[in-house]
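Naming follows writing order (A, B and C), and every chain is counted from residue 1.
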Amino acid sequence: MNQPEIYQAGLREVEFGARVKIVEPCNLYGCKIGDDCFVGPFTEIQKDVRIGARTRVQSHAFICELSTIGDDCFVGHGVMFINDTFSTGGPARGRKELWRETVIGNRVSIGSNATIMPVNIVDDVVIGAGSVVTKDITTPGTYAGNPARRLLARG
Amino acid sequence: MNQPEIYQAGLREVEFGARVKIVEPCNLYGCKIGDDCFVGPFTEIQKDVRIGARTRVQSHAFICELSTIGDDCFVGHGVMFINDTFSTGGPARGRKELWRETVIGNRVSIGSNATIMPVNIVDDVVIGAGSVVTKDITTPGTYAGNPARRLLARG
Amino acid sequence: MNQPEIYQAGLREVEFGARVKIVEPCNLYGCKIGDDCFVGPFTEIQKDVRIGARTRVQSHAFICELSTIGDDCFVGHGVMFINDTFSTGGPARGRKELWRETVIGNRVSIGSNATIMPVNIVDDVVIGAGSVVTKDITTPGTYAGNPARRLLARG
């Protein structure tokens, strides 16, 4: 009978700013979390992720390697970041040169259950809940849908 | 080196009905769970949520403050409720007067990975998996899509 | 004051292949996991699920009873499988004869936050992140959207 190798989620080699609050169980490793951040339960934040000050990472969120998030952001419940676009027709399986990075500016609020492909998002953006962001967002505003498109202000 | 404040998910100040079954780890606090409910693992149910009898809350679901759910409902895996609509262009950050409530009737079945904005949903509604519900649902029936729309019966 | 019955997520009656890696907490029971698989944290894999060799099940994924997954697949973060289509207007509630099965071929890569209704998917398929797969996929290729449709190659 085979026995699996079992690892335990936890906090490993995380550089915490001041006054960070964490709810376990969560799986944070090799990342940097800014001052006054909150990280909810059932979250994973991977290696080399950097998160700015006062950003909230809500329960069930997953933030992958190669992601950078600014100050005063909100990562909603169940938001999933992605670094592997299956560009060769399937997962990169360790060929990290195929991964792409995500850079999120300041004051970006990402609604619950949204999915974030590897993109750049400028400051002052709202992403609607359940959206799938597939392209860079270069203009502040509100974006929603699958794929996410800009919502025009109603007059 | 800063140390975060670490909290542990668990069951705190929950008013349970009779014969409730719970799978841990989950994070339930200050809420009321009716008779014969089931709550799966990796769930969070927040303060002041009230859930009726015989309702099932499946794994990975998140039910936020200001949500009320009726009897005989089904909250699918990964369903996320929302109370903050970013109405000011970002999260309310503690200004709870900006939050809005969700009221779900009886016999409402919400498919997995659906996202529920703050809405009212009448009795006898089915929400398709992966849907994003953005408006009140006032007529029984089946709704799906992003945003969710009523599916007409096929003749 | 009522006390709930509390169960704990864990590994119960799982048949593991060789060199499987698991990150706890996760909830795996009565299933079969092939050689060299990886299963991330905050996952649930239910009874009678069979998963082939070298398949990765990423964090927050949920794989329900009546699902079979081939070799060299990738089940992204937050992917939810479904066996109950609410065909009678609500959940089957134990009438398992109403559940339907899902069969996933080999080299199928499912993007994060995708939702998989009970379907058959052939070998060599990519499902975009955030997609909702509602119908069988019988031709290799890339599919995305809600509902998922085939993406045609751009010339």
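Note that in this section contacts are C-beta pairs under 8 Å (C-beta built on N, C-alpha and C of every residue); 3 or more make two chains touch, one makes a residue touch a chain.
None of the values given here were measured: they were computed from a predicted structure.
Colleague: Select the category (line, ring, star, complete, other) that matches the graph of chains linked by touching.
Modeller: Its topology is that of a complete graph.
Colleague: Residue numbers at the chain A-chain B interface: does the shared fraction exceed half, giving same, or fall under half, giving different?
Modeller: Under half shared, hence different.
Colleague: Quick one: report the Å distance separating chain A from chain B, using the average Cα coordinate of each chain.
Modeller: Chain centres of chain A and chain B, defined by C-alpha means, are spaced 22 Å apart.
Colleague: Which parts of chain A, given as residue numbers and ranges, touch two or more other chains?
Modeller: 25, 42, 60, 78, 113, 146
Colleague: Quick one: in the complex, what on chain B touches chain C?
Modeller: 11, 16-25, 33, 40-42, 56, 59-60, 72, 74, 76-78, 107, 109, 111-113, 124, 126, 128-130, 142, 145-146
Colleague: So in the complex, the part of chain C that touches chain B is made up of which residues?
Modeller: Interface residues on chain C, with respect to chain B: 1-9, 25, 27, 42, 44, 60, 62, 64, 78, 80, 82, 86, 89-91, 113, 115, 117, 132, 146.
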